[in-house]
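Encoded as structure tokens, here's the structure I'll be asking about.
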Amino acid sequence: MRVAAPVGDLSTQAADAPVSAVRRFLLARGSSRWADRVFSGLMLLCALAIFAIVALIAAELLSQSQPSWHAFGLSFFYHYNVDPVTHLPLFWDPVNGVFYALPFIYGTLVTSLVALCIAVPLAVGLAVFLTEMCPRWLRSPLSFFTELLAAIPSVVYGLWAIFVLIPLLRDNINPFFIAIFQQPTLVRLFAWTHLFGDDGLFGGVNLGLGLLGAGVILAIMILPIIAALTREVMSAVPNSQREAALALGATRWEMIRIAVLRNARIGIVGSVILGLGRALGETMAVAMVIGNSPEIHLSLLSMGHSMASVIANEFTEATSDMHRSALIEVGLALFLVTILVNACARLLVWAVTRGATARVQ
Amino acid sequence: MKPNLDLRSLWRTAKDRIATGLAILATLLVVAPLVAIFFYLIYKGASSLNWAFFTEIPKPEGEVGGGMANAIVGSAVILAVASFFGIPIGIGGGIYLAEFGRGTKLANAVRFTADVLNGVPSIVMGIAAYSLIVMPMHHFSSFAGGVALGIMMIPTVTRTTEEMLLMVPHSVREAALGLGVPNWRSVISITLKTASPGVITGCMLAFARVAGETAPLLFTALGNQFWSVSLNHEVSALPLQIYNYAISPYDDQHRQAWAGSLVLIALIVIAVSLVRFFTSRGTLKGAS
Amino acid sequence: MGVAIEVKALNAWYGATHTLQDIELHIPANHATALIGPSGCGKSTFVRCLNRMHETNPIARVTGSVKIGDLDIYNDISPVEIRRRVGMVFQRPNPFPTMSIYDNVCSGLKLNGYRNRRELDEIVERSLRSAALWDEVRDDLKKKSGASLSGGQQQRMCIARALAVDPEVLLMDEPASALDPVSTSKIEDLIFQLKSQYTIVIVTHNMQQAARVAEKTGFFLNGRLVEFDSTHKIFTNPTDKRTEDYITGRFG
């Protein structure tokens, strides 16, 4: 057995050192069992606060919307009165106590649908470009740019929409669609679809403001969310899949289609639903450009109202309890729908990313 | 046989080219509005910014001049209240998820609820704060607005805190416990401190997100044309003022709305860039 | 000064796995005791039971009694308190990444609320000297982060950190397994120096290391203590056939 050589002359030092001071101090310290318990209790309380907040919001919305629920029941969401003079449907007339939410649901759905139609192809295209085609030096600044797009406040989007987007739509883009949809031959040919002509998708007065404008600004707002998540699920596709496709002689596009998009499709659907959840609840930008009138028209150029925008517009001016209660019921419906949509999206994205990482490992 | 094959491969190459072209087109179409927004913000905002904007309160309707000093201060008050509520609860929840509830059903439920809360529309948060705080107190207040924004901060802070704490190696926790350091002390002074750059980043991200929120303030803080820093009083905020000016008929107010937007965006871009800077250094992957 | 350890009927589980079975052992005071055995034999679990680190894992469970000095550590005292008396050095150096060398060394005191600055300075110097690291780091104690040191230096800093709380027992769980030969020999020299003042329990899978530093050696196999005797006896004339097989490299 080798005997280790001593390192310096420290053996005596430590031996003579007073054992007491430090040791006595530490021995005097308690087990801090109570401090630990209080601390973990506090942290648990913080975690439970998240439950409590969601529950409190739900309870508050439920109780405050009771008057409207008792007065209108489920018909709140689909019924309407008919104006005795003009014989037009009458949905929402706070002065005369008429509260039916159908136009808001319609406005929310149509604007969200328009937004998805525009945003999804663009977002997927962007994600494909970023993950599969982009030169390395461009990737980082480009994804930073799209992240910035997500960080711009809604009200700034609204401001920009009012002064830039809406005039642009009114003067340059809408006339193009109007020309197509009002083209006499096409109108005659597709009359059966009811989408063409003066009562069609692009009929009526072209003000710029309206459902289309709201849909376009929503599209710009939800784009980064969809693009970011789509990118994530696409990057989660293992490289071996890509190589396998390329080894079979696939072109790059075929490789993307076969290996990437097919593997990532559930995740992409999840991200689209998440984008939908954001679009449904988006308030300020929509309220600033949708036109704010509780009507239902087929034309995308017509004014409308969304569930969120009507609350933003009328809540502070709601003088009657019934008006306020009806608005809160709209809010409750919005709350439930967005929870449902978000839960679906989260579950999808979770399922996919979990499966993907398992595959990579 | 041969020309047929050639034609097919030609078609395949063409499809590849078309797809590439479409992806590039999509990218350009995404970048275009962003560039346009920033261009207009800087073009219209910078030319409208002046000293008065930061020092004066709004002039009466229709008069030229004035500024948004009260709105900037109001925003600061509201955001201070929001951070006061949102950050501690958010960090606490994150600590619970990472240190105490790991793998439990309760933790999964909390995580899911946080994601749900993250998706609740901001306008709904406004209604909730209205009926929870404004109605019982019988008046609008910056406090109510702050609480609404604070609640919106919680999910972001919780999830980033959790992620950052999970990245602290287990051996560091063991080192602390092995020295006889009580668990609470180890969590605060060792784990949380080690993860602090990431946690701070998460808080800033949440802060930047709510700093631009307007909808929850519409019927909580309400807005105010005059000076106010009271928690018990309606108060103006930068996003609220931008909204009110944007939909007003006066050119000078439009000008100020652009200036306000520029200031707001500058703050947010600085925050996001800092986040990006920290995350790109690798130590904090996954923060954004 | 160190105290003796008396282990009786110790059993430990990870979930459903019975990792330690009926361990009986007397570890003498102020000596180095080595625990050897193939990986997965339970030797690490055993030392982790000596300062109740084992139970930090939520699925872990322990029965039996461990007496350190006069204290039954599973009945008389809380885990936090026993860990202040029993220092531990882990397999991989685990400095606190946000702290300077100085703060790392006195972290056990500072985090427990010890505030006396002058005393702390002394303790840090003494501990670093004991860990044979003082001369290498004395100039940038507060400037350099603990994580900026080399692996061997980090491990010696971790030893200094454990010594700073003036423990009665020092547990070392394969302290040199992640280090290069030069650092390993420094650590071994250190253990040789320290064992006159502390009761040292060192887990190792390196038999030469056990032979070099320890007076007593225990051989673990499949969660059981097969043989415990003087190091000389274990390595020259083991009683049990299985010990002999392991020592001579016939398995494991």
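Read from first to last, the chains carry the letters A, B and C; within each, the first residue is number 1.
One rule holds in what follows: contacts are C-beta pairs under 8 Å (C-beta built on N, C-alpha and C of every residue); 3 or more make two chains touch, one makes a residue touch a chain.
For clarity, every value in this text was computed on a predicted model and none was experimentally measured.
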Max Cα-centre separation from chain B goes to chain C
Which interface, named by its two chains, has the most contact pairs? A-B
Taking each chain's centre as the mean position of its Cα atoms, how many Å separate chain B from chain C? 48
Inter-centroid spacing, chain C versus chain A (mean Cα positions, whole Å): 53
Please tell me the distance, in whole Å, between the geometric centres of chain A and chain B computed from their C-alpha atoms. 14
In chain C, residues with contacts to at least two other chains: 80-81, 84-85, 112, 165
Among all residues of chain B, those touching at least two other chains are 180, 182-183, 185
For chain A, what residues touch not just one other chain but two or more? 26, 31-32, 36
Going by the contact rule at the top, pick out the chain C residues touching chain A in the complex. 1, 77-78, 80-81, 84-85, 109, 112-114, 119, 123, 126, 129-130, 132, 163-166, 186, 188-190, 192-194, 196-197, 211-213, 231-232
So in the complex, the part of chain A that touches chain B is made up of which residues? 26, 31-32, 35-36, 38-40, 42-51, 53-54, 56-57, 60-61, 64, 121-126, 128-130, 132-133, 140, 142, 144-149, 151-160, 162-164, 220, 223, 227, 251-254, 256, 274, 277-278, 280-284, 288, 308, 311-312, 315-316, 327-328, 331, 334-335, 338-339, 341-343, 346
Along chain C, where are the residues that touch chain B in the complex? 51, 53, 56, 80-85, 87-88, 90, 92, 94-98, 107-108, 111-112, 158, 161-162, 165
With touch defined as at the start, can you tell me which chain B residues reach chain C in the complex? 169, 171-172, 174-183, 185-186, 189-190, 193-194, 196
Parts of chain A lying in touch with chain C, wherever the complex brings them together: 1-8, 10-11, 13-15, 17, 19, 21-23, 25-27, 29-33, 36
